[in-house]
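Below is the structure I would like to discuss, written out as structure tokens.
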Amino acid sequence: AQSLDKVAVAGWSKPISEITNLLAEPDKGFFKAQGIDLGYIPGAGGGSAITNMLSGAAQVAFTDPASFYRALDWGEKLVAIYNIYPQNVFNVVSPVDRGIKTPADLKGKTIGVYSLSSGTRQNLQVLLHQVGLTEADVTIKVAGLLNFAPVIQGQVDATAATDTGLYVGKLKGLGEVNVINVKDSLNVPSDMFVVTKAYYNANKPLLRRFLVAYRDSAAWMIAEPEEAAKIAINRSINGRNEKVNLEIIKIRNISAQSETTKAKGLGHFDVGLLQKGADTFLALGLIKAKLEITQVVKSDLIPE
Amino acid sequence: MQRRLPSLALLLALLAGWEAVVRLAGISALVIPAPSAVFAVLWSGLVTPGFLWQHIWVTGAETLLGFALGCSIGFVCGLVLGEVEPLRRLLWPYVLATQVVPKLALGPIFIIWFGFGMTSTVVITALICFFPLLENTMTGLQAATPEKRDLFRMLGARQWQTLLRLKIPSGLPVIMAGVRIAIVLALVGAVVGEFIGGSEGLGASIIAAQGMMDSTLMFALFIAIAAMGLLFYQLTLIIERWLLRGWLKGTIT
Amino acid sequence: MSTDTAFFSVDRVSHAYEDGAAVLRAIDWSIPAGAFHCLVGRSGCGKTTLLKLVAGLVQATEGGVRIEGQAIQGPSPKVGFVFQTPALLEWLSVIDNVLLPISLHRRVQVADRGTAAELLELVGIADLAKRHPGQLSGGQQSRAALARALVTSPPALLMDEPFAALDAITREELQDDLLRLVALRRTTVLFVTHDIAEAVYLGDRVAVMDQGKIALTASIDLAKPRVCDCRYDPHFTAHCQKIRSAMTLHTVELD
Amino acid sequence: MQRRLPSLALLLALLAGWEAVVRLAGISALVIPAPSAVFAVLWSGLVTPGFLWQHIWVTGAETLLGFALGCSIGFVCGLVLGEVEPLRRLLWPYVLATQVVPKLALGPIFIIWFGFGMTSTVVITALICFFPLLENTMTGLQAATPEKRDLFRMLGARQWQTLLRLKIPSGLPVIMAGVRIAIVLALVGAVVGEFIGGSEGLGASIIAAQGMMDSTLMFALFIAIAAMGLLFYQLTLIIERWLLRGWLKGTIT
Amino acid sequence: MSTDTAFFSVDRVSHAYEDGAAVLRAIDWSIPAGAFHCLVGRSGCGKTTLLKLVAGLVQATEGGVRIEGQAIQGPSPKVGFVFQTPALLEWLSVIDNVLLPISLHRRVQVADRGTAAELLELVGIADLAKRHPGQLSGGQQSRAALARALVTSPPALLMDEPFAALDAITREELQDDLLRLVALRRTTVLFVTHDIAEAVYLGDRVAVMDQGKIALTASIDLAKPRVCDCRYDPHFTAHCQKIRSAMTLHTVELD
């Protein structure tokens, strides 16, 4: 047996069902087939994925563009090497009777977010920015992960959420709602693989193998969602219900594909969108310097 | 058992009331789940297929390890800081600082120092539960009466002997109160530790359940945690009774 | 005043508690090795304070104490102390309390248990050895404390009203036992009591303390070993009377 | 001041060591920032423009309110449960349950019950800090010697008088140890409460800083919290010394 | 044996502690109102236990106690108690300790402070009123406890070796003071002591207890009010001798 190269992924979450393609490694061995011993480091948000990687606990971060922009803005030398979810999965959900149909309708409303550090808040800011509003025009409430409860209780007018969140919310009896999808305004990707520039320069062949393995696992999950849903029951921490697993995996499969990936293959970036996202962040004051996205997004390792 | 009856009756009454409120008011399961649903989840978690046991085991191990570590350190530090006044003056601000800084936010540092998995959680648990023991040990050591201190001085007891044979036994009831607080905090610490960096255990499961908006599972997890807490607490009571058996004799009450 | 053969020598010792006036004023005293000295005095005159000072438990404000010629720095292993309160450890059985002075210094041997049991027998509470202090009567507690002080056979004993909680008969028995024991062991004793007859019966020398000063010292020239009958000796009564008047004198002065 | 010198010297040494390690090992500022950078942020937070004061004020208010509430409830419950044995048997499991269930996870439910803002945080703070006081009060009440209890029975004291005039004063040193634990936990509670549902305060700022990946600000906030903790602790020590002044007289030590 | 005029009547009272053998065995006793009864006995014979039983602090295993004809359920407000240990509250000053029995029932008035100060004067520690118990000598503590028991002028007093820690002279002064006070207030007293002379000097009647039984009761037919001189009365000595022999008798029996 040849010795495997260790690669640990620092994720933004606990081992949940939507990343079953990573968790299925013991069953499917996509990474082992590439000579890689895969590890998974749980995190609490995209920021912690990057810090866990920077602290040396992992080599690759599974993180969101916002955290990526921020880390770059703080002067970290990072590169994004794979576009995991090219589709923006964030949205704003409100009961029909509030009459919130477009981003502009949010003005003056009370909106829940997971937490002040979460993607829900940042994407809400992006959404508001697209229609010339800022956080000052609305009231932000930290509602925690059970953020649909305050909506049901009428404590907020709307809540910022994600596509999977909306799905389970509906399962839990959310009722009739209007959904404003962020991707309709600015379709910044949701998650990417990010590594340090130094690691990128030193380990290109290994990373290439890593991305091949990940691409294969993603393709498997797209092709065999039922099998993935079954594996998630035991491999993920929240996958006790196979039917729910299947739906969530399907939702994630959709967000893993876009026009760009259909044209170029899984994992490819739309650099223009990422640049727009960075510019929006700059305009919002979330970062301080203009970022040259072409400098920090490297598509050369993405498998054909 | 008989003596537990009223408490059990109250439990049943509370559960019945809760179920009634949830059903009659039609509260969404997202807000507060019905106890019947919670118990169904609990049943499936504990009996078939029993997916909870693995998490219970992890959290239990972390709690007990962290408790043992935290209590030992807290007790020893209590002795040392209680006895050596200059050291107390030197280190006390740092002891306090470790306590007030939120463990939740220290996550990255812990990961650098202790890596992922159980070690970090055990360290967080120990850090959380050591303070009550420290405080109560230091307070307990003051409990010996001046006459008994004089006795020990007269008998030529070394400082460590006075500590071991007089001050610790005198302060034992207070020290044990610290242990009771510590076991409760240890469980809290283990769960919080898993919030930060665990991929297994009841705390990690709570975060996952929250992500799935599965309030029913969340409440089931709360119940599992509460049951563990009660169990651990009872165990410390038994240990305490054994340690204090000499104390209890001949106190006419 | 100190001599070479003195076991304890107290040289112009004064003491004041933090807050108050002087409690002891320039006390001079010397106790030869093997002597049995008694100290009587009215309640609050400073007996306990002097005893603790001699023991090294309390620091003299002025002057100093020497044991066998050495200035004391703190409690000496040569000296046993019976406190005014029994100060037993509640969490130990009576026998373990008695064995405490031994167990602090070495492993307790079977012979030690024998010694302890004998002493409990001597003080009349042998059948209570397994009890805890909370289960004893007041007098039984002070007898246990007495046995504890005797168990290591220290060369010197400082005793603060050890028999105060005992009935007349038990007390007399223990007085005789104590005299026998200290004669045997050649123990130097400083014995505080508020019972004048007890002081005269026990002591080679009796000192009367008054408001922190030694008002009188008297050698007791009764034959040794003393037996119960000597209490009815006219000499005995005369000594008692003398000491009593020394104690009352001052009160008269004050009035 | 003089007595604090060694502690301060140690602090400076630690800071210097930290700065050196960060610089020499080239640790990323996102993971652990250099103390010099942290102090620069702290300066700007406290002096110009002083944006921290508002948060310090909010967290301080929540801590003290929650502490007052939690201590009062803990103390009173300690008295009641300590005195009324059947009630203790009835309610103890529930008291323990409130303690072991993670507040962080209850957060969303608290928000539903108590609404957004300070109330939730104060409730969480109170809930966290009431247990040490409860335990230590119950233990402290046992401290009175049997003779003194007999004295009070003989004097015809009512139960509440025995409690107020004998058991509480006897147990005061132990109760105060509980208060010292409680003040520390109160600050932790307030910060954790803000993690969950606050939009102001040091805890909320930590989360916001986390969101911005601003470790430097996060560490500055830790330092602010630690300083608050030290300050509050010193205050309880002063109060304790005042309460125990009767106790201290005439204990020859 | 109980009569209508009895203040305390003890009817065939037995007591055993949880673990042990019987400590009191079928005690019968009746104390008329205004009488001063003394109880002597060897250490550990059960005096404190009987006193606590009469006080209602300890439950009789058999039999019962009545106060003025009423079966007692617990401590009665009519009865003051002086414990064998001083049991002062460390956190209160001496004067506040003395005032405790009043302050538990009503607001302390200036008159009460006067009474307390007088009592402290009586027991000779007036100048220590502001001190805390830890700053008193052993005898001073027991005197403070005595003052505390007297401050409410209870109709009956149970006293457990109140003078044990006091020197002969202070003790005699306090004996006279106590006799004067209880005569004035017509207080019923049950007084435990291990000093036979004290029992004879103070008591209208003296009981000797032995191993949980009353071995002897003797009326003391000395004139009242008693004065110091009566101690040298041959009657007095005869009483003492009788009681003493009753106490020794049993020991002889045992040997």
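We call the chains A, B, C, D and E, going by the order they appear; numbering starts again at 1 in every chain.
The rule is simple: a residue touches a chain if its C-beta (ideal position, glycine included) is under 8 Å from a C-beta of that chain, and two chains touch if they have at least 3 such contacts.
Because the structure is predicted, anything quoted here is derived from the model rather than measured.
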item: Shared interface partners, meaning chains that touch subunit C and subunit D; value: B, E
item: Subunit A to subunit D, fewest steps along touching chains; value: 1
item: Top-ranked pair of chains - ranking by C-beta pairs in contact; value: B-D
item: Inter-centroid spacing, subunit E versus subunit C (mean Cα positions, whole Å); value: 28
item: Whole-Å gap separating subunit A and subunit B, where each centre is the average of the chain's CA atoms; value: 36
item: Whole-Å gap separating subunit B and subunit D, where each centre is the average of the chain's CA atoms; value: 16
item: Centroid spacing, where centroids are CA-atom means, of subunit A and subunit C in whole angstrom; value: 84
item: Multi-partner residues of subunit C (at least 2 other chains); value: 85, 134-136
item: Touching two or more other chains - residue numbers and ranges from subunit A; value: 48, 51, 55, 144-146, 149, 153
item: Multi-chain contact sites of subunit D, meaning residues that touch two or more partners; value: 31, 108-109, 112, 146, 195, 210, 215, 251-252
item: Subunit B contact footprint on subunit C (complex, rising order); value: 52, 55, 57, 74-77, 79-81, 83, 85, 87, 89-92, 100-101, 104-105, 131-136
item: Residue ranges of subunit A in contact with subunit B within the complex; value: 13-16, 40-44, 48, 51-52, 55-57, 144-146, 148-149, 152-153, 165, 168-169, 172-174, 236-238, 240, 244
item: Residues of subunit A defined as touching subunit D within the complex; value: 45, 47-48, 50-51, 54-55, 67, 70-71, 74-76, 115-118, 121-122, 140-147, 149-150, 153, 155, 286
item: Subunit B residues touching subunit D - in the complex, by the definition given at the top; value: 3-4, 6-7, 10-11, 31-32, 86, 89-94, 96-97, 99-102, 104-105, 108-109, 112, 131-132, 135-136, 138-139, 142-143, 146, 149, 173-174, 176-177, 180-181, 184, 187-188, 191-192, 195, 203, 206-207, 210, 218, 222, 225-226, 228-230, 233, 251-253
item: Contacting residues of subunit B [partner subunit C, same complex]; value: 145, 147-148, 150-157, 161, 165-166, 169, 172, 246-247, 249-252
